[in-house]
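Just below sit the structures, each encoded as structure tokens.
What follows is a pair of complexes built around subunit A, which joins subunit B in one and subunit C in the other.
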Partner chain A sequence: MAVRKGLLTAGLGMIGLLLLLPIAITFTHSLMTEQELTIDYGPIGQRTEATETGADTFVNLKWLPDKVTLEQYGKLLVYTPNYLLMFWNSAGLVVPIIVGQTAVAALAAYAFAKLKFRGRDSLFLAYLLAMLMPFQVTLVPNYIMADKLGLLHRPGAVILPGVFAAFGVFMLRQFMLHIPYAYIEAAKMDGAGHLRIFLTIILPMVKSGMAALVVLLFVDYWNMVEQPLIFLDDPFKQPLSVFLSRLTGEWGTVFAASMLYMSPMLLLFLYAETYFIQGVQWSGIKG
Partner chain B sequence: MKKWFFLFAPPDWARRAWTRRKSRDAAAAWLFLAPSAAGFALFYLIPFAMGVMYSFRSGASGGRFAGLANYRELLASDSFRKAASNTFYFSAASVPFMLALSLGLALLLNRQIYFRKWLRASYVLPLVVPVASVLVIWQLIFDWNGALNYALSRFGIDRVDWMKTEAARYVVLAVYLWKNVGYNVILFLAGLQQIPRDYYETAQIEGAGRFRQFYGITLVYLTSTTFFVVIMSILNSFKVFRETYLLAGDYPHDSIYMLQHYMNNMFASLDIQKLTAAAVLMVGVIMAIVLGLFGLERRYRQFME
Partner chain C sequence: MEISKEQVDFKRKRWIAAASIALFGLLLFFTLFSNTLQSVALPKVRTGTATSGGLAYTLEGSGVLRPIKQAELPNPAGWQVRQVLVKEGEAVKAGQRLVLYDSSSAERELEDEIAQLDKMYIALEAAQDQYIASTVGGDELGSREAKRELAARQIDLSVQRRKIEGLRERLKRQRELTAPFDGIVVEMNAVEGLASAGQPDAVISSRDFGYQLDLVADGELVDRLELAAGQPIELRIAAAGKQPERSLKGIIDEMTDEDSRRAGSPEGDGGETSSAVRQKRLRIHVADSSLRGGEQVSVRLKRPSSEKGWIVPNEAVHREGESKFIFTVDQQRGALGNVFVARKVPIEASASNGRETMIPPDRLYAGDLIILESSEPLQDGNRVRLQ
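Our next item is the complex of A and B:
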């Protein structure tokens, strides 16, 4: 039994390691010098006559640096002031979206999950469809709308659609469905109003759901590329994700930049892991 | 006596409604919904309605009603057909594959193993890694001169230009699986842990085999979880566009040219008619799929009870 248990663990562990590989490679490469990277990965992106004929131009992944150095980080933080600016831009877009969407969605989710009103199901279907739609579907009208509201080329053009996106409503509703009506009925007997019920009973019970939502929203919006590209024309207002996608090929800093870029996400994940996983688990089970 | 209902003095229509609980709930519901619904209308519903309108007009401003002309033109366009079929086939192939893979892994993780918590965490970690952070890694692996071709050449297999041939499909699939499999594994694992152990014991006593148990108990009790996983997987199969876009730009290899690429390019060339018509068609198809799934779930649950 123990042998089988060990073998199964080993097998699943291998898959886990494989999944973690890209993160590990980014980390070890962020400690390499530019020379080392240029020499090792020079042939990347070069499909020339010589390589067609089968000459050996392959690069192999190198696991560990020859010489450990913080050169990349230094270069990035000292000589590339843009990097910090973009980091700040990213935070300035993502934080308002997360706070706003969580608050707005929690209120709406309560209505969808626990209150009865006419048109509830069809309105929810509209939310669900909006959630599934790629951003491009409403690109043109959104652009016109942003222009009419005077938001174009301002952070608001990216932030506001994010605040009112349907994903949060969908997720939190899923959690609130678990809460038995009995709690609400009991609170009503005691004379509590819907707002009291919402604040003192519902919110504390969906804490793990909110944690999961915050992490998922952070992931999604920390990543966004298309929205800022279209709605913010000033390159100095772009978030880091856009900046970073243009950096590939610059071996001097790209790994350190990637590492710094993913670090807030990794830290948040490690900090909130238990809540996050609990939250994701609950979201998939019907109450 | 029930002044607690509103924070402020209730309007007349609400006071009259107090006698009936249902409409009281409805009034409260709309208060809770108001911020979300207003923003949702402004940034999603109205823009979509405007899009529907544009799709029937001959020009964005001052255009005339053109009937189905835009749609006819759209359906005749090769690049749209390519994009639509790529998007459809990618989702149709990757979602079931994802379901099978994550359910399989969840079943294994649900057995007796060591370090379950650690394994679970390592499976889900790719989800939180930003796309732009690992782009360079995908390049190192899938380049013509990259690590994957190096590994293949060791086994005497010819190299493949992963991003610039039909093989690009598998790269996108791999990235999609890498990123999302952990999330679905967690969902399935939670579903599996909800199934009471004694169901299996009873089934065993009654002589049901492993497969019978799997179909009769496991799958049945995972219905609502599966439904949720399918919705999220469709959503994420559209989101993998971001990776494709960052890796291969506006015009990637034909085999991974998605509807989002098409719509982006129509936006860039200011072809609003085709763009909105494509958007309307896409919403229509997704709506049909979602309604189909709802119907399926409902029927399945009735059958269960």
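Our next item is the complex of A and C:
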């Protein structure tokens, strides 16, 4: 038994390390100089004279930089103003989506979980179907609708579908189902209306669920590429996730940009870690 | 246990909040100030706009007018000057006497020779007498000898006569200096009482043939100005003394090729590149009765080129091997406001004079800024800071 447990721990530990590997590489490489990166990664995907003659085509993967430097971060912050603009573009898209979707989802989830009305379950099923549909399926209707609303090439075209996405509703409903109906009945007996019940009883109880939702949404929308690529034609209005894929010229800058790009997510997750783990456990959803 | 866990959690959250604020603050700072920070390091450029129009080709030159026909008259025998009859600047006719020389020694020599001739006549008479005496006396041998003597005397006599004739002629010729043709006395070096030293006593220039000016100019410029032999050209005579500045009409008499000159190009980048510049000599003929020769005249010909284009100062033109180019300033939309970028514009087909270069009209738009000077060497696509 103990051996099995030990093996399991070792196996899971290995998988955990493997998952951490890209982040660790990104971090250490962001501290390398451009020259070092060019030497190590020069011939990736390129047919050079060296590779044609049958020389070694493998890259020289190194863990630690020969010389630790913050040069790449400086270059990124001072010489790549696009990066900073895109960062704020990302924030400008993600924050309204998260605030909006959390608010809409909490209200809708309350209705689906705690109100009794005709057609509730079939309506919820329709909602679930919308969630299950891949993004690419709803892309064209979304595009047409954004065009009709006059939102095309504006941030609203990305924000609106995000605010009314079904995932938050589903997740928060699962949370609210766990809340015994007795709380609500007791409140009703004391003369509380639905809004009061929602604000003072339900919301505090699903705090961890909300935190989990915020983290999941943040990860989801901070990384979105297709929506802004399609709905926003002006490259200076697109978010960082799109821009990052275009930073191909200089490897060092790409690594540094990735690190900076990752940091808000990391900070948010660390901040809401306890709620997040709780929330995911409770709702039975895995991110 | 529970409390301490909450405390740890609180501490951790505070730390994360501080880190977030620091991160966002940093990003905000660089968003607002990265452009400023960056522009400090950008090359500073001085710009100007191109003007539309033709290039003005200017030929400038000056020189001294020389008479086409001029005679230097030396002292014929090196005698002392007795009298100077004309002054510098005086008009003279052909054959007019200019200078008289002291010929007394030659005259004395002539008299001596004449006296010698007289003496020879007397000797001849003596020989005749001897011949007659020998013939009458019947001395055959003496008679023949006297006859030979007589013939020799006669030969001597004619030699002496010729000598006197020569002396007379020389005296007549060398006693005075006469003008060979109608003209002006340009120079008069003869001084009464002195023999001349090296220089010609007088210099006479002819009016009838006019004056000429030699100018050397770049062949390309001459071609651009479409100058050709037989064309009229305007000259200016500098103010001299009481005479005010005035203009003269001249005619290009002939154009000949000169040796090329080596020229360093002033607009070349790095290193003096020298190239051979073809040169031409213009001979300009001027006929004007008021001229005396020796006047300083200048030529200034200005002609706009037939084709039109953009005119930029030569300092804006850069050279790379054979090709030439200029840099213009492009305004591009950047992430944080507009940025200025140097754009390389090749200008192969360009004409140039000393100060300006003309480039084809399709290379620029009206109002394009052209970089005249940069604090650092530029390359295509470099961001720049406008001064």
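Here is the rule we use: the second predicted complex is superposed on the first by the 259 of 287 C-alpha atoms of A that agree within 3 Å, B and C clash if a C-alpha of one lies under 4 Å from a C-alpha of the other, contacts with A are read in each partner's own complex, and residues count from 1 in each chain.
Quick note on the criterion: contacts are C-beta pairs under 8 Å (C-beta built on N, C-alpha and C of every residue); 3 or more make two chains touch, one makes a residue touch a chain.
Note that this is a predicted model, so its numbers are computed, not measured.
With subunit A as the common reference, the superposed partners subunit B and subunit C fit together side by side. Residue contacts after overlaying the shared chain place A:Asp66 against neither subunit B nor subunit C.
When both complexes are overlaid on chain A, the residue A:Tyr79 reaches subunit C alone and has no touch with subunit B.
Touch criterion met: A:Met265 reaches subunit B, while subunit C stays clear of it.
Set against each other, subunit B and subunit C differ in how many residues of subunit A they touch, and the higher count belongs to B. Residue contacts after overlaying the shared chain place A:Trp222 against subunit B, while subunit C stays out of touching range. Shared-chain residue A:Arg196: touches subunit B; no touch with subunit C. Legend: residue contacts after superposition of the two complexes on their common chain; A:Trp88 is shown touching subunit C, with no touch to subunit B. Contacts of A:Ala111 after superposition on the shared chain: subunit B is touched, whereas subunit C is not. The superposed model places subunit B and subunit C at 130 degrees from each other around the C-alpha centre of subunit A, with the value given to the nearest 10.
Of all Cα pairs linking subunit B with subunit C in the superposition, the shortest spans 14 Å. Subunit C makes touch with subunit A in their complex at residues 9, 12-13, 16-17, 19-20, 23, 26-27, 30-31, 34-35, 37-38, 333-336.
Here subunit B touches subunit A in the complex through residues 2, 4-7, 22, 25-26, 28-33, 35-37, 39-40, 42-48, 50-51, 54, 60, 105, 108-109, 111-115, 118-141, 143-147, 149-150, 153, 161, 178, 181-183, 186-191, 194, 224-225, 228-229, 231, 234-235, 238-239, 241-242, 245-246, 259-260, 263-264, 267, 272, 275-276, 279, 282-283, 286-287, 290-291, going by the rule given at the top. Across the complex, subunit A meets subunit C through its residues 77-79, 81-88, 236, 260, 263-264, 267, 270-271, 274.
On the subunit A side of its complex with subunit B, the touching residues are 1, 4-6, 8-9, 11-13, 15-17, 19-20, 22-23, 25-26, 41, 43-47, 51, 56-61, 104-105, 107-108, 110-112, 115-118, 120, 123, 125-142, 144-145, 160-161, 163-166, 169, 174, 191-196, 198, 215, 218-219, 222-223, 225-226, 230, 240-241, 244-245, 248, 254-255, 258-259, 261-262, 265-266, 268-269, 273, 277, 280-286.
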